[in-house]
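Several structures are given next for inspection.
Shared between the two complexes below is chain A, which pairs with chain B and chain C, respectively.
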Partner chain A sequence: MKSLRNSPGSVLMTLFFILTILFLFFPIMVILPMSFSAGETLQFPPKSWGLRWYREYFNDDLWRASTFRSLRIALMASILSTAAGTLAAVGLDRTRKSLVPVFTGLFLAPAIIPNVIIALGVFIMAVWTGLTSSEPLLVMVHAMLGLPFVLLIVGAALRQQDPSLENAARVFGAGPVQAFVTATLPPLTPAIISSLIFAFFISFDELIFALFVMGGKVTLPVRIWSDLQHFINPTIASVSTIFIIATTLAMTTAEILRRRSANRNA
Partner chain B sequence: MQGTTVRFDNVSKWFGNTAALENFSLTVAPGEFVTLLGASGSGKSTALNILAGFSDATSGDVLIGDRSLTGVPSEDRNVGMVFQNFALFPHMSVFDNVAFPLKMRKTPADETRRLVMDSLEMVKLAGFANRKPAALSGGQRQRVALARAVVFSPPVLLMDECLSALDLKLREELQGEIRRIHKDIGATTVFVTHDQGEALTMSDRVAVQNDGKIEQIDNPETLYDRPATRFVAEFIGQTNLIDVRPTKGGVEVAAIGTHIPSDKTDGAVISLRPERIARAGQISAGSDITQFNARLEDTVFLGATVEHHFRLKDGEALTVREGRSGASDLPEIGAEVALEFRKEDAVVLADH
Partner chain C sequence: MRITLIPALLLALIFFLIPVFIMFYQGLFDPEFTTQHFDRFWNRGAYLRIFINSVKISAITGLLCVLIGYPTAYFIVRRPPSVRPILLFLVLVPMWMSVLVRTYAWMVLLGREGLINMALVYVGILDEPIKMMYTSGAVYVAMVQILLPVAVITCYGTMADIDQSLLSAARVMGAKPFAAFRRVFLPLSLEGAVTGFLIVFVLSMGFFIVPALVGGPKDTMVANIIAVQVAKANWGFAASVALILLVFTLIAMTLIRVVSKRLIYSAREETS
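Moving on, here comes the complex of A and B:
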């Protein structure tokens, strides 16, 4: 082992690893310090430090409105997406084998077809139906984007689950709905919560669809995007920092839950 | 608690154009322990699933007592079941798992508590009530599954290969326990296994299943001593099958040079158990005995017994098993040995 560790190959590997990490973390490492700048413009490194731009963010009505709008949409979209995706996963589990690939393909399509293309379709539909700048429409679109992930996460947990659990509940006296709710669903809880978190952030940081259909009602990503185009304001750095920290925490939680559900049923 | 009659009445189950069960008829008496024995794919689970209500028969009917189960959902059939891979609810404690059938039946809390603890005591797991299934060994999980299946005193108890996932020692221990519990509660029991030894030790009667049909149903002794078909003779225990030719009043065994009396006119083989053949002079006189010579090729030590592999004069192999008491004067390899058996121990079978 010792000789391997010091071989030129392993030194190169280590170097490659460090460079990759640096590359991936570079944006965060730049943005994080910039957000604590006390200056007027985005500076790196900042000449003076302070929480000025965080205050700016929290006190600005427009920033706040777009943040709450994004949170609201993400919450509803993730609930809708998780409910539909869980039922889809359960349905697929009980579908005739020959039809499963067809349905799986349909459900996963939103994750494969380029978003701009779907967004164009959604935009045309929104114009036809007069649903431009409609939060419910964006909720449904975001729910669609989350669906493939819910289907994959809950579907994987379901495949690990013993299919006779529901039969057991039935034979011991539970009706079909009761058996589903008492036997099939509870062991899927970690996977379902994990799906909720994934779906939430898929909606929360989604830009393209919101740009196409939301018009005047801007979401947080749209606000950041348009600010970046007009003037470089350090508020963006503080918003981004909050965004990054919240996303990292939530995604880590989701991943822990997903792994736990995979291990428990193994 | 007294068991109820269970009856399969000409049940068939088709998956596409293969029959998992074909004209399957079986009546299990109240309190009886009947085992469905067959190789994997012979339709045992299909039969049990139809009885439990997990799938519908294509034709025919299943009855518990006098009541037809056609159209009756699982939850209204009042049967207990032990599943092959336990099927314990992973998110519930041992207590809640066992209490589940009682909860569904809206049993009052104090009675539930008493019945659950009685059940857990019966399977020697009273101290484990608060554990989650994940914190139990395989044998303990199977015991919990058993406690859950009987806690509500069902008149009918079903078990689908419920011991096959366990190692041999545990399996034997649980076989005894299941027998004891069956005696205690008296539920009519349908047990499914592919292990013929397990079927013989546990059952009042065994139904040998092959390709969705019952080949023979009898008590273990009859099944072993008087197999009805060539398939049963080969599936249960070990046997010598020797080709024969039908003659008047029986069959002619050319390889041994003897005639076995039989009513069968289509006899094609005889089944002769290895332990029913002895060295000449060891079987007490009085019965119709036939003697012959065979050449010893090999002797294998099996612990309590030894197994001799002989070659008959027409080249057919013959296995003979004897207790170790005779081991001191083992014949030499290559020697011609005189052997004998009672003609009544040879079972004449058709070739199908």
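Moving on, here comes the complex of A and C:
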């Protein structure tokens, strides 16, 4: 193996890998310094530094309103999605083998099927039922979109777990609910928190459903989208920087949690 | 069936299955059964052209993602197990970045006064800035950057299942490094590459942010037609386009599955 690693081929491979990672990160990282420009337009590197575009963002009532709306929706959607997904993962674990592919297929399909198709159906349904511009509707749609990810994360954690724990709790007289809450649930905590994080970002970044369904109640992605269609507004650089930092922190947390739970089960 | 499945089933039923059925209805009835929306799609060359163009863009994006993603995944899987999660994490973080934010980043980079033009002029490769935004090239660069992590993790998934000692065994038996890779590793990991292509292809078919923001008029994709028709309140037509897209994605998924299975099995027999 050592000889392989130092061969010219593997030097090339290492270089290729570094270039790929740069390609993935470079456009994201360029935004960060640009957002701290004090000038009228975006420059790299900025000629003068300042928080001008952050002030522009935080002092604008409409930006603030759409941000809070998106935060609210994402928070509720991630809780709903994680609760429903965790319960479903536990249920799937105990369903007849022949039925499992049918249910998983149904739950995972929205991750693959172009969202614009589902969004159109939801939009027509919203018009028929008079539920356009309804935040609860968008919360539930986003919860549905998060299900595939919750199911995969919690399902994986569940498969590593010893089912005899819950059985033992039942033997010692716990009811089914109590056994679930005291024996099955606690070891799943890291997976559940990761699920919350992923489901949150699925909702927070979602554009097409919000665009079709929400009418005048603009969410943060809808606001960014409509601004981008007209001009490159430097305020978006500051919003993007906040997005980037939040995503990086959240993903790092999720990764640490995932590793901790993997170590515990090992 | 367990009762704990009920909340998730309700969510999937009400906000996924029923809307898809509503779309079938909306595309085919107005209020009587009609194929007028579909006739409009087939008879006006422009819509069909956009559809074929979307297939082309998605296929090329899928191919590029696998061509870059496969070696990237191979690099990761050949590292010691303790290093692999860190390298995978580097690929996964950009995947969870907002698609809007990443598209915006490309708008900033590719503009006439953007960083890439400036750098190329400064270095002397270009005499003056060239047009990069609103071109097909911009669409490909942005789409590959957004979907590449998906191809990497799909390829990595099958590679991680392969017994790495097989490669060493082939080497011990006298195979040259590349021959060992081609005869042993490639056939076993081909399934991941084909699946990766398939998933990126299907995801690309639904893209609409990237073509709308960095592409030119020629780069319009199917999802853009749907969004525009919804804005114009032509639901019937929008639904028929969505239906065609849905049927196409489902057929593409099954078709490529069948083909890839045959390809993979014949390759396996050849190795054995």
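Following the convention adopted for this analysis, the second predicted complex is superposed on the first by the 258 of 266 C-alpha atoms of A that agree within 3 Å, B and C clash if a C-alpha of one lies under 4 Å from a C-alpha of the other, contacts with A are read in each partner's own complex, and residues count from 1 in each chain.
Just so it is clear, a residue touches a chain if its C-beta (ideal position, glycine included) is under 8 Å from a C-beta of that chain, and two chains touch if they have at least 3 such contacts.
Every value quoted in this text rests on a predicted model; they were computed, and no experiment measured them.
Placing chain B and chain C on a common chain A by superposition gives a fit, with no clash between them.
Within the superposed three-chain model, A:V171 lies in touch with chain B and out of touch with chain C [touch as defined at top].
In the superposed model, A:L51 makes contact with neither chain B nor chain C.
In the superposition on chain A, A:V100 makes contact with neither chain B nor chain C. With both complexes placed on chain A, chain A has more residues touched by C than by the other of chain B and chain C. By the touch criterion defined above, A:T14 lies against chain C but remains apart from chain B after alignment on the C-alpha atoms of chain A. Judged by the touch definition given at the top, the superposed model places A:F23 against chain C, while chain B stays out of reach. Contacts of A:A183 after superposition: chain B is touched, whereas chain C is not reached. Touch criterion met: A:L228 reaches chain C, while chain B stays clear of it. Look at A:L120: by the touch rule set out above, it reaches chain C but stays clear of chain B.
The vertex angle at chain A, taken between the C-alpha centres of chain B and chain C once both structures are aligned on chain A, is 100 degrees to the nearest 10. Once both complexes are placed on a shared chain A, the shortest Cα to Cα gap between chain B and chain C comes to 16 Å. Common to the chain B-facing and chain C-facing surfaces of chain A is no residue whatsoever. Contact residues of chain A toward chain C in the complex are 1, 4, 7, 9, 13-14, 16-17, 20-21, 23-25, 27-28, 30-31, 34, 42, 44, 80-81, 83-85, 87-88, 90-92, 94-96, 99, 103, 106-107, 109-110, 112-118, 120-125, 128, 140-141, 143-144, 147, 151, 198, 201, 204-205, 207-208, 211-212, 221, 224-225, 228-229, 232, 236-237, 240, 243-244, 247-248, 250-252, 255, 259. Taken in their complex, chain A has these residues touching chain B: 162, 164-165, 167-176, 178-179, 182-183, 186-187, 189, 264-265.
Those residues of chain C that touch chain A in the complex are listed here as 1-5, 7-9, 11-12, 14-23, 26, 68, 71-72, 74-76, 78, 85, 87, 89-94, 96-109, 111, 115, 118, 145, 148-149, 168, 177-178, 199, 202-203, 205-206, 208-209, 212-213, 223, 226-227, 230, 235, 238-239, 242, 245-246, 249, 253.
By the touch criterion given at the top, residues 52-54, 73-75, 77, 79-81, 83-87, 89-91, 100-101, 104-105, 134, 148, 152 of chain B touch chain A in their complex.
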